[in-house]
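Structures are listed in the sections that come next.
Okay, so chain A shows up in both of these, paired with chain B first and chain C after.
And then the complex of A and B:
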């Protein structure tokens, strides 16, 4: 299909819901959703706590093709409960990835694309959410040896909590400028450390430390780009074509520790200082 | 959170499975599914405390324009305003009753 006639041109990926995001990334007409909302697999824990559930529990999982290659595509819906992962949402992701591992071991070729929009564990389902995230992480570590696992963080929620670790385990980690990536969310840090140390309302400061451009410059993600649908789609294709990488970011333990030792905790870190420390020996 | 089950008279009409909206602040999701019962069964979960009467009034206003089809409708409302609710309900009914099956 030619780009000039493509109505998706100039469509902002960030504004799309989880289901649409998958549809845009996959080859046209190839999407087949697994465990659809009509299966009514909702969280059994939210209603008893007086919280309105959502029919897909905030996670969309689909089979499809990208550039002709068979993939499993997963997107988290950041607008439902902050994209948090509970029992059902987590099981959908872990189950899909585990099935992909089994299919690859049986001779099929299925890669994975994950679109994160999440604050991490859903606190109302605490332990079950934590367990699910652990299962997701081990499935990614198993799958990444066989197939490329591409992660994408576009915002507006970003990727925080245990799911930021999950993102770091993927073969390739891609962000848009609007995306944010961090272990603790800005409001959590402010609450713990005080507004003097970390002002969660200071947007230039927050994006300066956790935004896509900063994370790319400090070598913590593989690429960053604009949020046009076509651009996002092209980048996902590009990284899927790279196949399984020789080394994984999460294996570079010593060089990461060495760099962390150079962080001066007496003074508030700035965007520039972080770039200086993390740019040194950024190659893994 | 309040839950209601509202039953309304309905006409026989073929419907598509439909899902619109999401359970985010000020919005709601509306699902329409096939049903064996000869009526419109509407199940509502709502985080606002506006009460059953408001929902009934909203549904009656939609019925004034078009009789409801036989269906099961589920509404998951996250404190949407009456205007948003009405738009979502009409959007869902339109998608359910058009030939092309699709959902967002």
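And then the complex of A and C:
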């Protein structure tokens, strides 16, 4: 571990693939992958559309330990189809979380760590991606009552679409500077609302609204930190140790309604204005 | 009774509002935390029940949400409405049913929406519906119009049971066709062609049903201007759906769909491998 002190040997979490990310976050040697590429459960819908499937369908699920505590760790591979969720990828996440709920209800103690790198629904499997996301959300709402569900958004893809809603359900939501979090991807907003509303090519503008620093400043995530693997691992441990929180971000109903009803919507919003709006009320 | 009559033209022709008004005929109707969310409390087949609707509001504070989209205010207002129902029944054995009347064109797309955390607003609604169901409230979705993407996740997709009018105007999808074409770099015609052979991509309800997501189609004489017979039929089928739940708080029955083989297979494998993967602590 002394290597961690040597800045020349720092490893950037953002550059790691899904499997490596899980390995870095789990206690050394504890990772046991479930439904591995050797099981060859590929998407039944991609080949007929001329898209080469991947043997893990872009999601890695593993059991293991963090800080000596049993966890289910799930990472989405942003390099396969933009981290989008189709039937198999979605079922791996939902199914693993459902089993974690069952195990906890039977008296075991298993927390969850989710590493999101996803554009949301895989449009080539449209309705089955959407269905799977609803199932993932249901499982998280059940699990977070029993165990901490820690979510991590590090980039480079970020977390969009239906999965941004999923992120908003987790017990703790952590981001790095490279991470982005938003419901509608920039291209989709530009398509639906016009370039004046949202310029998908203006990267500083997009990070200013949806990047990790802004999301932390506006209270939409719990923590914001650098992307060195050691730092990421320490933060995941820190939040797992906090256990089940007293309340969830998704329950801040009255304060959110009060805040949103008092926004001046005559003028288009800026990232600074968003910070001011959130600074007025208690954080989410 | 109808205290919150926002009788704009858009509302009058909003199919969701038409069905809401007719089904809520003998119920107490009130506006939610914002005028775009309506609630009715009453009984269905002698069981306590609430109807929830998202409707257009041309005076919506947020201009990207005037056409019945689920936006920032609607997400939190749905959560508020459901929490009120749940807390009212907190001490009671009898949990009232929640029926989502679904006719939502999309989530709201806009700069303000992203800046102010629309994902979190929708998460609040999802959370409220899921918690209500898991606490024993029967939750049913009645699709009378569009049920699109994030809007449907927030209003309807957490239901135990999904019923749909058998009508061309009823549509479930992950993304509007134009945007889907741009993102996947295909033409709309190509998307239509693919949809013919790939059920999860189709925009029609019959294909959607093969995914296990729709319990029953309801044949009505008119989805836009339902007759009293249509309403009676829907009431009977809603009551049947409530009856057949028998305390089920899950949404897993959807996995039985014809075109969900891979969803079942993945779950079987996970379960088979689960114990062996237990870490040594």
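Everything that follows uses one rule, which is that the second predicted complex is superposed on the first by the 273 of 284 C-alpha atoms of A that agree within 3 Å, B and C clash if a C-alpha of one lies under 4 Å from a C-alpha of the other, contacts with A are read in each partner's own complex, and residues count from 1 in each chain.
Note that a contact is a pair of C-beta atoms (placed from the backbone, for glycine too) under 8 Å apart; a residue touches a chain by one contact, two chains touch by 3 or more.
None of the values given here were measured: they were computed from a predicted structure.
In the superposed model, more residues of chain A are touched by C than by the other of chain B and chain C. After overlaying the two complexes on the shared chain, residue contacts for A:77 are found with chain B alone; chain C is out of touch. Looking at the shared chain after the overlay, A:135 reaches chain C, while chain B stays out of its contact range. Shared-chain residue A:88: touches chain C; no touch with chain B. Of the two partner chains, neither chain B nor chain C is touched by A:245. Contacts of A:20 after superposition on the shared chain: chain B is touched, whereas chain C is not. Once chain A of one complex is fitted onto chain A of the other, the partner contacts of A:226 are absent, as it touches neither chain B nor chain C.
No residue of chain A touches both chain B in one complex and chain C in the other. Taken in their complex, chain A has these residues touching chain C: 27, 30, 32-35, 39, 41, 43-45, 48-49, 61-65, 68-70, 87-88, 90-92, 95-96, 98-99, 103, 121, 123-135, 137-138, 141-142, 161-162, 164-169, 181-185, 187-189, 191-193, 197-198, 209-210, 218, 220, 248-254, 256-257, 260-261, 263, 265, 268-271, 273-274, 277, 284. Listed in rising order, the residues of chain B touching chain A in the complex are 1, 17, 19, 22-25, 27, 29, 31, 33, 45-47, 74, 76-78, 103-104. Every residue of chain C that touches chain A in the complex is listed here, in rising order: 33-34, 61-64, 72-73, 76-77, 79-80, 83, 106-107, 109-124, 126-128, 130-131, 133-134, 149-150, 152-154, 157-158, 172-176, 178-180, 182-184, 194, 197-202, 207-208, 211, 213, 250-252, 254, 259-263, 265-267, 269-271, 273-274, 276-281.
The touching residues of chain A, when paired with chain B in their complex, are 17, 19-20, 37-38, 47, 50-55, 77, 79-81.
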